[in-house]
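In the two assemblies presented below, chain A is common to both, partnered first by chain B and then by chain C.
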Partner chain A sequence: MTMTFIIIRMGPIDPVSAIIGPEGGAAQRSQIESRLGLNDPLWEQYTSFMWNLITFNLGQSWVIQPGRGVYSLLGTYAPRTLWLGFWSVLIALFVGIPLGFYAGLNPNTTGDYFASFGGIVWRSMPNFWLAVMMLAVLRQSERFFFGLDWHTFGVEIGSLVGQPPLDFFGVTGWTTIGLLSIPSGFYFSGTTLAASIKQVLPAAIVLGSASMGSEMRIGRTAVLETINSNYVETAKAKGLSNRIIVWKHVFRNALIPLVPIITNEAFVLIGGSVIVEVVFSINGLGYLFFQAAVQGDLPLVGSLMFIFVLLIVGMNIFQDFLYTILDPRVGYER
Partner chain B sequence: MSRDSTMKRRRFLQATGGAASAVALAGCIGGDGGDGNGDGNGENESGNGNGDENESGEDVDLGSGDNILNLVNSTMTTLDPIASTDTASGSVIQQMYEPLTNYPNGETEIENTLIEGVEQSDDLLTYTFSLVEGAQFHNGEEVTANDVIYSWRRLAESENSSRTNFILESTFLTIDHETETQENDEGEEVEVVVPDSLALEAIDDYTLEMTLAQPNANALELLAYAAFAVIPEGYVGDIEGYDGEVDQSELATESPVGSGPFQFETWNPDSEAEVSRFDDYHGSVANVDGVHWQIMEDDDSIYTYAMEGSADIFGIPTAQYDPDLVDAETDDLGRQIGTYGPLENGETAQYNGVPQLSTYYLAFNAAHTPQAVRQAISYVNDHDELITQIFKERGEAAYTFTPPGIWPGGQDEYESFIEDYPYSAGETDRESAREVLEEAGYTQDDPFELTLTTYESDVFQEAGRILRDKLSGIGIELQLEEAPFSTLLERGTNGELAFYSLGWTWSWPEADYGFFGFEPENTVTGEPMQSGETNGYYLDWPESDSDAVEKAQNAWDQVEANPEPEEGLEARNEAYVQIEEAIWEDAIMMPLYHNLEERFHYEHVDIEPFGGMGGYQVVYNDVSLNE
Partner chain C sequence: MSDSYDEFDDTTLRERIEANPRPALLWALGVLVLLALEIGRVAAGIIRVGESARFALGGIMSIPATIEESVAGTLGAGAGTIAFLLMALVLLVIAAIVVKWLFVPVSLVKRLDIDRGVGTNDVLERALITAVLGVFALLIVATPLGSAVEALIDGVTRGLEAVNSIQPITSRETIPNEGYRTGDGGWEGTFLGLSPAWAWALRVAVVYTYAIVWLVWLWKGYEIFREHYREADWTPRDDSINRLRNHYWGLFGFVVVFLFIVMALWAQPLSPVTAEANLYSPYEHEFQYYDDGSLETITHGTANVQTRSQGGDSNVGLMSYDQYDRFAPFGTNQDGKDMFTFLAYGARVSLVVGVLATGLMAGIATALALMTAYYKGLLDLVTVVVSDSVISMPRFLIVLLLSVLFMQANHPIAAIYDGGILLALIFAGTGWPGLWRAVRGPSLQVAEQEWVDAARSYGQTPAATMRKHMSPYIAGYMLVYASLTLGGVIIGVAALSFLGFGINPPTPEWGRAVDEGRPYVSTASWHIATLPGILVVLVVTGFNALGDGIRDAIDPESETSEGDAGAAATGGGG
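Entry: the complex of A and B
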């Protein structure tokens, strides 16, 4: 966090210039500087910055959305990114890993070649290129798919780009029992959910493509490694059925090298999806963070950084916890 | 098992290697060049690569069916007129709020909105406005003179104001006011305006008197600036004497109230914004039910949104733009009006291209660059090549800082002036460049090293690369770097930029605006500026120590000695032309191009062409949709 402060406040980025542009005068500058507290001594700015973060008093944005609190910005931007991240992780998991396992269990068959080759292709297509191609193809879908219009196919969506509608689920009433309020009424719209998924799907495929490829490749290797190991041989010798060998002995052990890959991807997706977000106009957290960083919006950058750090620490703890489930050699007891 | 899988894997890798390179090759041919970028002000799109054309011409389903005008906007920051400094927020603010005057359809002649008329005293200092009677705010209250005073006081006094200089400083509108000296947190003395000391008086509910500290020929034009928009008295309590009904942050984000033809509906940051028709509007009530903006920044995203018919009015990113598809004629205001097409989706769009009152330039800091180097760079630069190669003809070559549309004396004067352009107009003159450099002692073996800092923009980087290649081998070694807009300004102010790209946009259509930045004394960087001063361009011009500096300084003194709107005009214009000459002589700035703003719309939209003040000035109450 100290690094964030140093880079933003002591580097060449200037929030005041970002606010007033080239037409501003000197008086204007000093007025804005004193409003933002930039005239205070640097150490004072630093201590109040750190203290505010530690007490979760995240303050208001300076440049990007002046007048909006960081919490309300998070509330607006985070769901978009999370929805996108959720689907791209899901696609990667549910397409990449089964394909990898299939390839590993049937090595050197046509199916393996096909899957492995696909994995390499998906892995190597850069996101920014794939995103642009996806848009170019889908917006002219009638031409490429024999008259099938992507906009009206299945659920109708207004536009290929833009935020997915996230109001498919809502709480309509609250009941209070003592001090605790619990939601009493819900509504749920299947159509909106479908539209929402359809809207986010192209972006999620693009974002998940790389991890899908790598999960497939690693899954294949992991399965090959376990299937040739001694204990599988032993299990075979015991006369266990193939199904039990695969599910009980191979699958669980093959997941071990995949866990750090998956959790790593999860936070890359949270912070690193700027390009895909922008191309599909989803404009989520990644975009917000990027804008805040280049325009010197210190409270916003600091708070987002802080939250990313918390997330990463949380993910790592979760990852360690997953190990204890998967791998009996790892546990809490000594 | 393991042995034969190694055998096979090698063959397998061969196969994938071949196929992967085939895919990569397809990427180069079919790629749309997804590297477009804004040019720093977000007005123009750039990029390279080829847009793919569509010959199939199917019909697409245009428009969403309801009577809402769909537009595209870039990231908005605030809905508070005194805090807004960007055109994205500005175009939404224009729909909801009204200043006393505005530029109808963005044309350069102003029109009264909230006033019936204005009288000016003989000393040109006092203006008496008679306000329109019965104009209503969106909350039902009537617009009175006190609302105007309150709104302008906010502009001058509120800490949320980003445009205090527009109402107080001498280069802009200087309404007479008192200042007092206060100590700021650092113990420095600063001058601040005394609360409620602006020389504004409400004679009655519909009569307002304004007294300026010095005559200003462009006062009414300045008042058209959105920062002067009127909000109900006491709505926000950020100036002395008012408690406020809402916080400034609420006004800025969720509850703006103005008197314009549209009222606020929603704004979801970086997603969308919508305003709806205000039925009690005092002027011509809007034809459409509302206006909706989808907020997007990426070229491909914008293009997709437009091509699938989601937007009614749109821009086309340079990457997808083809100058050959334009079929337009120039009207008497210099605007190009016609059609563009066929588009990718088979439709033909209505086309409107207008040269803007803006100039993009490359400028030098005299402290870091000798005159010979500056002149050599001017010699090798070829404006025409830049316009055709990089900007795909979406701009006009700029030989002077002042755009031709507002050149003192008009278009003919302008044309005869630029005939004398001293640095080989329209060609790359490496010979002359080599000569000046040799004279100054810079050769291929002992070159002058220089860094060009540009916007974060592919176009300007491309322009820089062209210059670098032309300069290599004749005594200048050019390095390129990019910086975000805010960083560029900060480093410029500190005098750290030797050679940089920036632009200037005229806030009102007179040559007057913008020249203050050339007063040599005002271009000195790195010193703390006095209150009341406005930034010059970051030139450090006095360091050049040439006759041109003196010429420019004298010319500026002549401008200051002749402030009278009418009588002083000739003397001022003469001085501006002298400053332009001084810029040429010293090659302190190299104007590159005047922006051509283009707007495309589908046939079902009935909209007037816009003018030179920019498309973001357009208020959409007269637009109608025939779907």
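Entry: the complex of A and C
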């Protein structure tokens, strides 16, 4: 975080001119400067910056939506990114891992080669290009999918780009029991949910592409490794059925090396969300960060970066924790 | 083939070549012939390297003055002068270390008989060279010797420029492809009256043949060295190379990378029109075309307006001629500029930025890995903390933030190479922790080996121990990870350019082509955004495959544990 401070505060960016525009006079300028505390000595700025972060006082946006708190911005923007991230993780998991396991269980067959090669190429596709291609193909889906129009297929959506509608689930009333307040009435709309999923699906596939490929590759090697291990031999010798061996012995153990890959998706998602959200014009966190960086909204950039760092560190701790549960050989004391 | 390996045979390579000069001479003759075929291009390359070296030197030499100014501004003129001298001294010392390492094979200390023990000798040696360099620098600055050196450089440059005008075999003048169609359907101005498409194809074929001959000749050179001049009949590296030769996936990667590098190096002859005329200053270059029985002259810029690919009717697609009889193998872009030229020069930009960034990264990571593994302790701890704090930030976001900052502030670095150097520095600055972590394990392992202990107890200096006994072990891993990282950097640069904060126009970049072609993807001009993307995918897959191949070759045991695949370049970075 110190590094973030150095970058945004010592860097050559000038938030004041971004706020007042090119026509602002010098008096106005110094007034704003003193209001934002830019005239204080640097170390004072630094300590207050760090202290605010530690106490989770994330401050307000200066430029993009002046005066609006970062928390309220997060409340608006984060759900979209979470929704996108949720689907991209899910798709990657449910396509990548089964494919990888299939390839691992049938090594050196045509299917394996096809899956492996596809995974490698799929993984090295740059997100921005994949997103552009995806939009182009879906725009003229009648031509590519034998008359199937993506716009009207299933639920009708107006446009391919734009943020997904997230109001399929809402709380209408709250009941208070003692100190606990629980939602008493809520509504749920299946159509909006479907539209929302459909809206976010292409973006999620693009965002999940890299992790899908990685999961497939690692899944394949993990399965190959366990299948050749001694305990699988033993299980075979005992006369266990193939199904039990695969599900009970191979599958479970092969999941272990996949854990870091899955938690690492947090990195990929946060970094990749900028591009995917810009191309698919989803007003999410990545888009917000991009705008904040471009327009010189310093506190917003700092706070967002802080949240991202917290997320990543949290994911790493969670990953280590998960490891100790899944693999008893790994312990805290070593 | 040397008959037996003699343990105590410490003849140098030069002595071995003197003993049996024939194969080496034959090989050197081949190299000379190959160089002679491309003499003009070689000369041009030397001039360009010289210019950029001079530019870099000028930049470095201005550091003390800059520091003097800033210090004098806050602390007064006296402190400024002191700061100037200190900084100059620091630069001289750094220069001395480099010069000693590169050019001074003999020990001055031993020559002058001032032996003071192992540790001080090194310092003395460098101090001596620093002194010599300082005197030299003073001479250049303060006496007429400076202008003499200047004149010498000028002379050499002029000589090289004269050589430069000699046509290389792959030049566009040898096989011209820009001509016009006469009324009777024949072609005027092209090679042997071929159509521009065929002339261009022929030139591409010549370029690639030339490059392949070079490759074969280098391989031949290695074989000659192995057969006639190497002391040992067999080294473990032979096995590695043999494994790589049978590793089809790795070979595929090698072929793709080779094609890419040749495309980048020979971008000028490979492109159907010159970049100068078509991309940078189209209104200052003219060409002729045949229209209704008369010969017309038009500038590239005016013609480009008519040959835009913007979907619908105005489109110049793949492998087609525009209405001015210019051949566009990959069509034109939305400004009517030739796409293949754009992509070939874009390859050069990607390669330069990628190699520069990866080289810097690998250098920092190797140095740190060696030092942290050798010294451990506090240094290790500090590096862990720093690298963790860099790693914990999402890489792409921090790269984006930095490049946005520098570009908006119009920092002078951002102007060099239209932002290329800046990007390389940013990528290197944010990427070294990953590389360092990747090689940390192996380097810690090698630091525990007996031979390192032995070297230490012999009284070898730490630097020599690291260089001679530890770094060869790391180098293989470094090569693997560097290959994987290069792909990532290429994707990252393309992604930044796509967002508008990478390489600025007019310098071509693949990612920007994707961005510019975006509105036309679903029209007839789909090629603008599609082709660069396919190229990126191919090149990145190629680098990944090459990395895999090298890893399997140097360490066949690691084949099963691909847990480090996270280091491979993925599209997720952008």
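In the analysis below, the second predicted complex is superposed on the first by the 316 of 334 C-alpha atoms of A that agree within 3 Å, B and C clash if a C-alpha of one lies under 4 Å from a C-alpha of the other, contacts with A are read in each partner's own complex, and residues count from 1 in each chain.
Keep this in mind: a residue touches a chain if its C-beta (ideal position, glycine included) is under 8 Å from a C-beta of that chain, and two chains touch if they have at least 3 such contacts.
The model shown is predicted, which means the values in this text are computed figures rather than measured ones.
Participant: Answer with clash or fit: chain B and chain C placed together on chain A by superposition.
Facilitator: Once both complexes are aligned on chain A, chain B and chain C clash.
Participant: Looking at A:L135 after the superposition, I want to know if it touches chain B, chain C, both of them or none. Which is it: first, second, both, neither?
Facilitator: both
Participant: Touching A:I120 in the superposition: chain B (first), chain C (second), both, neither?
Facilitator: Both partners, chain B and chain C.
Participant: Classify the contacts of A:G296 with the two partner chains as first (chain B alone), second (chain C alone), both, or neither.
Facilitator: The answer is both, since A:G296 touches chain B and chain C.
Participant: Figure out whether A:Y287 sits in contact with chain B (first) or chain C (second), or with both, or with neither.
Facilitator: A:Y287 sits against chain B, while chain C stays out of touch.
Participant: Quick check for you: in the superposed arrangement, does A:I312 touch first (chain B), second (chain C), both or neither?
Facilitator: Only chain C is touched by A:I312; chain B is not.
Participant: Could you look at A:P107 and tell me whether it touches chain B, chain C, both or neither (first, second, both, neither)?
Facilitator: Only chain B is touched by A:P107; chain C is not.
Participant: Looking only at contacts as defined up top, I'd like to know whether chain B or chain C touches more of chain A.
Facilitator: B
Participant: Would you check which partner chain A:P260 touches, where first means chain B only, second means chain C only, and both and neither mean what they say?
Facilitator: Only chain C; A:P260 stays clear of chain B.
Participant: Taking the superposition on A as described, I'd like to know which of chain B and chain C A:N242 touches: first, second, both or neither.
Facilitator: neither
Participant: May I ask you to decide whether A:R217 touches chain B, chain C, both, or neither, giving the answer as first, second, both or neither?
Facilitator: Touch partner of A:R217: chain C, not chain B.
Participant: Mind checking 21-29, 75-83 or 561-569? I need the stretch of chain B that runs into chain C in the superposition.
Facilitator: It is 21-29; the other listed stretches have no clashes.
Participant: Overlap the chain B and chain C contact sets on chain A and report the shared residues.
Facilitator: 12-13, 120-121, 124-125, 128-129, 132-133, 135-136, 139-140, 278, 294, 296
Participant: Touching residues of chain C toward chain A in the complex: what are they?
Facilitator: Contacts found on chain C: 389-390, 392-398, 400-402, 404-406, 408-409, 411, 487, 491, 494-495, 498-499, 511, 514-515, 518, 521-522, 526, 529-530, 532-533, 536-537, 540-541, 544-545, 560-563, 565-566, 568-574.
Participant: Which residues of chain A touch chain C in their complex?
Facilitator: Contact set of chain A toward chain C: 1-4, 7-8, 11-13, 120-121, 123-130, 132-133, 135-136, 139-140, 209-211, 213-214, 217-218, 221, 224-225, 257, 260-261, 264, 267-268, 270-272, 274-275, 278, 289-290, 293-294, 296, 301, 305, 308-309, 312-313.
Participant: Could you list, by residue number, the parts of chain B that touch chain A in their complex?
Facilitator: So the residues of chain B in touch with chain A come to 1-2, 4-5, 8, 12, 15-16, 19-20, 23, 27, 30-32, 34, 52, 54, 56, 58, 61, 64, 75, 77-78, 80, 83, 85-86, 159-165, 168-169, 184-186, 190-191, 248-250, 252-253, 268-272, 294-298, 300-301, 304-305, 307-308, 310, 344-345, 456, 483-487, 489-491, 493, 502, 504, 507, 528-535.
Participant: Okay, in this complex, where on chain A does chain B touch?
Facilitator: Touch list, chain A to chain B: 12-15, 17-32, 34-35, 39-40, 60, 63-68, 73, 76-77, 80, 107-108, 113, 116-117, 120-121, 124-125, 128-129, 131-133, 135-136, 139-140, 142-143, 151, 158-163, 228, 278-281, 283, 287-288, 291, 294-296.
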